[in-house]
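Letters A, B and C name the chains as they come in the text, with residue numbers starting at 1 for each one.
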Amino acid sequence: MSLLQIRNLHAQVGGHEILKGIDLTVNAGEVHSIMGPNGSGKSTLAQVLSRHQAFEVTGGEILFNGKDLLAMKPEEAACEGVFMAFQYPVEIPGIGNAYFVRTALNAIRKYRGLDELDAMDFLPLYREKMRLLDMDEKFMNRSVNEGFSGGEKKRNEILQMAMLEPRLAILDETDSGLDIDALRIVAQGVNVMRSPERAMIVVTHYQRLLNYIAPDFVHVLVDGRILRSGGPELALELEDKGYGWIETEAGQIAPASA
Amino acid sequence: MAVQTAQLESYLESFTDFTRAHASATPDWLRTLREEAFVRFCEVGFPTTRDEDWRFTNLSALVRTPFRLVRGNRAALAVSDLAPWIIENALARLVFVDGLFAPALSTIGSLPNGVVVDSLASEIARQNTANGAAAVAKHLGRYLDTRRDPFCALNTAFLEDGAFVHVARGVALGAELGAGIARPIHLLFVSTAGSESAPSPTPSMTHPRNLIVVEEEAQATIVEDYVSFGAEIPAFSNAATELVARGNSTVEHFMVEREHLQSFNFSTLRIEQARSANVVSHSLLSGGALVRNNVHPVLAGEGGECLINGLFVGSGRQHLDNYMLVEHASPHCASRQFYNGILDQRAHGVFHGRIIVHKDAQKTDAKQTNRNLLLADDAQIDTKPQLEIYADDVKCTHGATIGQIEDNALFYLRARGIGEIEARRLLLEAFAGECLGRIKPGAAHDYAHSVVEARLVSLAAPAPASSLTAESPERNLDSHWEEVG
Amino acid sequence: MGSSTETIRDLTQQDYKWGFVTDIESERVPRGLTEDTIRLISAKKHEPEFMLDWRLRAFRHWASLEKAQAEPKWANVHYGPIDYQDIIYYSAPKQKPNLKSLNELDPEILRTYEKLGIPLAEQQRLAGVAVDAVFDSVSVATTFKEKLGELGIVFCSFSEAVEKYPELVKQYLGTVVPHTDNFFAALNAAVFSDGSFVYVPKGVRCPMELSTYFRINAAETGQFERTLIIADEGAYVSYLEGCTAPIRDENQLHAAVVELIALDNAQIKYSTVQNWYPGDKQGRGGIYNFVTKRGKCAGINSKISWTQVETGSAITWKYPGCILQGDNSVGEFYSVALTNNYQQADTGTKMIHLGKNTRSTIVSKGISAGHGQNTYRGMVKILKGATGARNYTQCDSLLIGDQCGAHTFPYIEVKNSTARMEHEASTSKIGEDQIFYLQQRGLKAEEAVSMIVNGFCKQVFRELPMEFAVEAQKLLGISLEGSVG
């Protein structure tokens, strides 16, 4: 059975249809990349998968691990193993990073019938993952994302992913705003998470990230539909030719792209 | 007002000469650009302190000095003259003497494919034949606001030369060493008004103009560096830089001002940031009599991030004015302004941080902090935060502090056996270190560090009474140059 | 809106649960305010001559202000005219004149305090907290009096203090908040009926929290209590106050005065959890909470710390401040003010620096929800002699929904150049995206909201004594009902 099956998914926000029939199957162990121009619906798909309530699903279904994902609240999806690395991670002033991750980890463990971790069990694990992402220990007690640079926020997302060990990780534009060195660190953090049990969906506007996180499959999303699917070579083709090529080929009117 | 009119006439004279000299080799678009800008300058004239943007900076000394363009023979500099200002390990060095490119002093090594580092004048002369020249026509003059700022108008009117840097898509320029060590492109602007070989001792003006275009997913580090050579004769440097950071690019830019104490240095860095672009601007103001540094980023694409980091160190009667205009024009952008000022004797510092959050720029996160150390009773700082917010879901914070070197801290260090001057230097260094700590490691960082360190050594020493007058040279100023590099 | 919003709304749809009325016979003076009212109140309390004189002076001053229509109008709050002749200025439960023990107290009153969670009876008392219970205009009971008496600490009702310690009262009454201070302070001085009095003698550290619990019960009355706390040299005391009132459609006036005096090396920590009836969801009824609170750090190295959690009242007008007179004295103000529905709050602090090396810290957290309007108004004044004074101000606003407002008015006046000032301010909005982020990490919506609000208020909560911190957290959870989305 596939880990994730999306069938004919339609979604809208504020009466405006954004996803116009998405079909996608993701198996455990696979890394899929979803690429597309601005406004194509990439982020919407990521948000729907993590059950953001602002997007109304008007048709289709999503099975996650055989369960109806669309019936789940965001926290249920999270507890079932869906993790999203946010494009714009949110700041929570006054709440320390370590405390926050432990609260989240314990909420998920509780849902799965596991014992909660106390600080003594948690902290060594957390420290180890911080080292992996080249993060200073002082981040541990700083408020969640508060005063972080864009790069630090992105690293913090991957740190949380490493701690929560999801079954499906969705990376929403995790490369944006990173310089080459930060990108390497983030990519390394993601790559050590690749495993036969875990799937990843890498949403990106730019091709550069895929030089560091090699996808098994690439899908091109334009105007709410997947117009092309292929292997990693598709990403390179896109870099050369831009999105216009696929849009024209598919007979679409090209929306303005940056 | 009478003075103003007289001076505008002197600028008109200069402009007429300038246009005549360039009549043959100027493309139409450039001629129009210059002429329109000059008209705008004449309409507006020099600002006065009644103008909110210039409230703390009196320009009368600048206005009444008859500056002329440096024409004809320029001072002949040798590469060895540049020794104090060399950045070891720079990727390329472009040297401009009194505003014009000096190829013999410059070095441009081998650059990756798609990267152009050249003088703006020669790119313009190529007339759209090359890749880079196309970028010139596309971007030059498109971002700078000549309506708001008469100095930008003046710069555009006399637009002639400067640096042109174009980094092609995906190229991480100068980052090939890895481990976060970036190699910069060094743009060195030398004013030679008072050098022995200079043609005349009259006050001179230059209007360097730079265009930096960093394409999508590319990366670059640029150092703009203003220095003087020779004796102290009034000189007016009025620079403008347009920096275009396209989608997902990362750019680190430095503005280093350390001209001599008769210099008027005006500069504008106008940054245009596209989606997810990440720009860092460092301003280090140390020299000059009257200095105004404008940093004006427009966060035009979603998810952009901008850090404006500054350190200004003044003594004698220096006037150092830092003007920031941060425009949030798109959602989810973050801007940070951190400025530290150290002012001694009768120096006057200004921090004017204006943040505009446009209507659609929801989820803006803007922060501004200005910290100042006053080392003498007559030193002065005017700090003015100004927030204009037209969106309703934003986070804006600002903070300002004014303080002195803490006696307790000084005493503590001395009680451990450190001499008073050394102790003061350590404390100043710690304060300046907050700014230096925001610079990414690499050659530019080390260079900035040495510039600041040399400046602080002089401040830590007790002031001789004579240095309070504007006429006297900055203490040990020349010796700093020797220590640098 | 999304289901997260609904969850929160369902979970927290609770009404003001302290809104019940105790059925009890009370003794009142006739409606209205004249000199006779003052004489009557004073007579009922068997006050000595000096008190009556003091009251009458205050009344005459107030009457002149009223005639001149000098009720303060500068606050950012809006309410209809108050008819000062339509208020009952004294209301006391009928009881035996001299209670020998709590057993003689009306069981209805005992039950009232039990319902409020403040058991007064010996066997149920909160360990470590001594309570003075003020019911309408009078203090009805004070616990742990004897135990405190052994240390020489006086903790009693104001009336009892006037009777037993007239010299202390005479020496300090009105020295921090004179009756001429403002309109409401004058009114209070004229008509105040009771309140708490604390005196901690030299070198004594008060071993338990002292607490006053204010309850307005009777209709159409105003409550005008007055609290005076004196910490003698080297003494320490932590004092808490809590307040509630029944649900009534009319607005009721509460105009209290609190004076704190800290002598050399003394410390006073004053914490408030204010939960007067805030009015209903349409903004009908509720308490007008017009309060003057001020502390004087009279001695060297003294410290006064105000912590307030303001969740109740239709209108709050309150600026607990510190006069930092002694050298090295410290003033602190930590505040969480919440306005929901149609509540209005204009609150902040005044820090007046007179002594050398005086320090003040201001941390203000405003939360606005519904149609609530929340204003921070703070003044920091550093006078000529206050060499080495320091202030840190942090002022954050959290908006929930888009009908509410947050306003910030900081006033800074510095007359000494050695002053060090720091100011930070922010306004942010709690939204679906913040809640969603936490949910995506596995937390439930209500856990998410509580985490966000607690994080926001953390700096203030950690200043509260433990029991109060828990209560404040609970209170905030409830006051935010239905406000998300």
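The working rule: a residue touches a chain if its C-beta (ideal position, glycine included) is under 8 Å from a C-beta of that chain, and two chains touch if they have at least 3 such contacts.
None of the values given here were measured: they were computed from a predicted structure.
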Where centres are the averaged C-alpha coordinates, which chain has the largest centre distance to chain C? B
Which chain pair has the highest count of C-beta pairs that touch? A-C
Chain A and chain B have mean C-alpha positions lying a whole-number Å distance apart equal to 40
Using Cα averages as centroids, what's the distance between chain B and chain C in whole Å? 52
Length of the line joining the C-alpha centres of chain A and chain C, rounded to whole Å: 49
Could you tell me which residues belong to chain B and also touch two or more other chains? 363, 395
Contacts with two or more other chains, residues of chain C listed in rising order: 433
Listing for chain A: what residues touch at least two other chains? 88
Note which residues of chain B are touching chain C in the complex, please. 363, 374, 377, 392-404
Which positions of chain A touch chain C when the two form their complex? 50-54, 73-75, 77-79, 83-84, 86, 88-90, 92-95, 100-101, 103-105, 107-108, 111, 143, 160, 164
For chain C, which residues count as touching chain B in their complex? 402, 417-429, 431, 433
Chain B-touching residues of chain A, taken from the complex the two chains share: 38, 87-88, 91, 147, 149-151, 173, 175-181, 205-208, 239, 258
Residues on chain C engaged by chain A in the complex (per definition of touch): 1-4, 396, 432-434, 436-445, 447, 451-452, 454-459
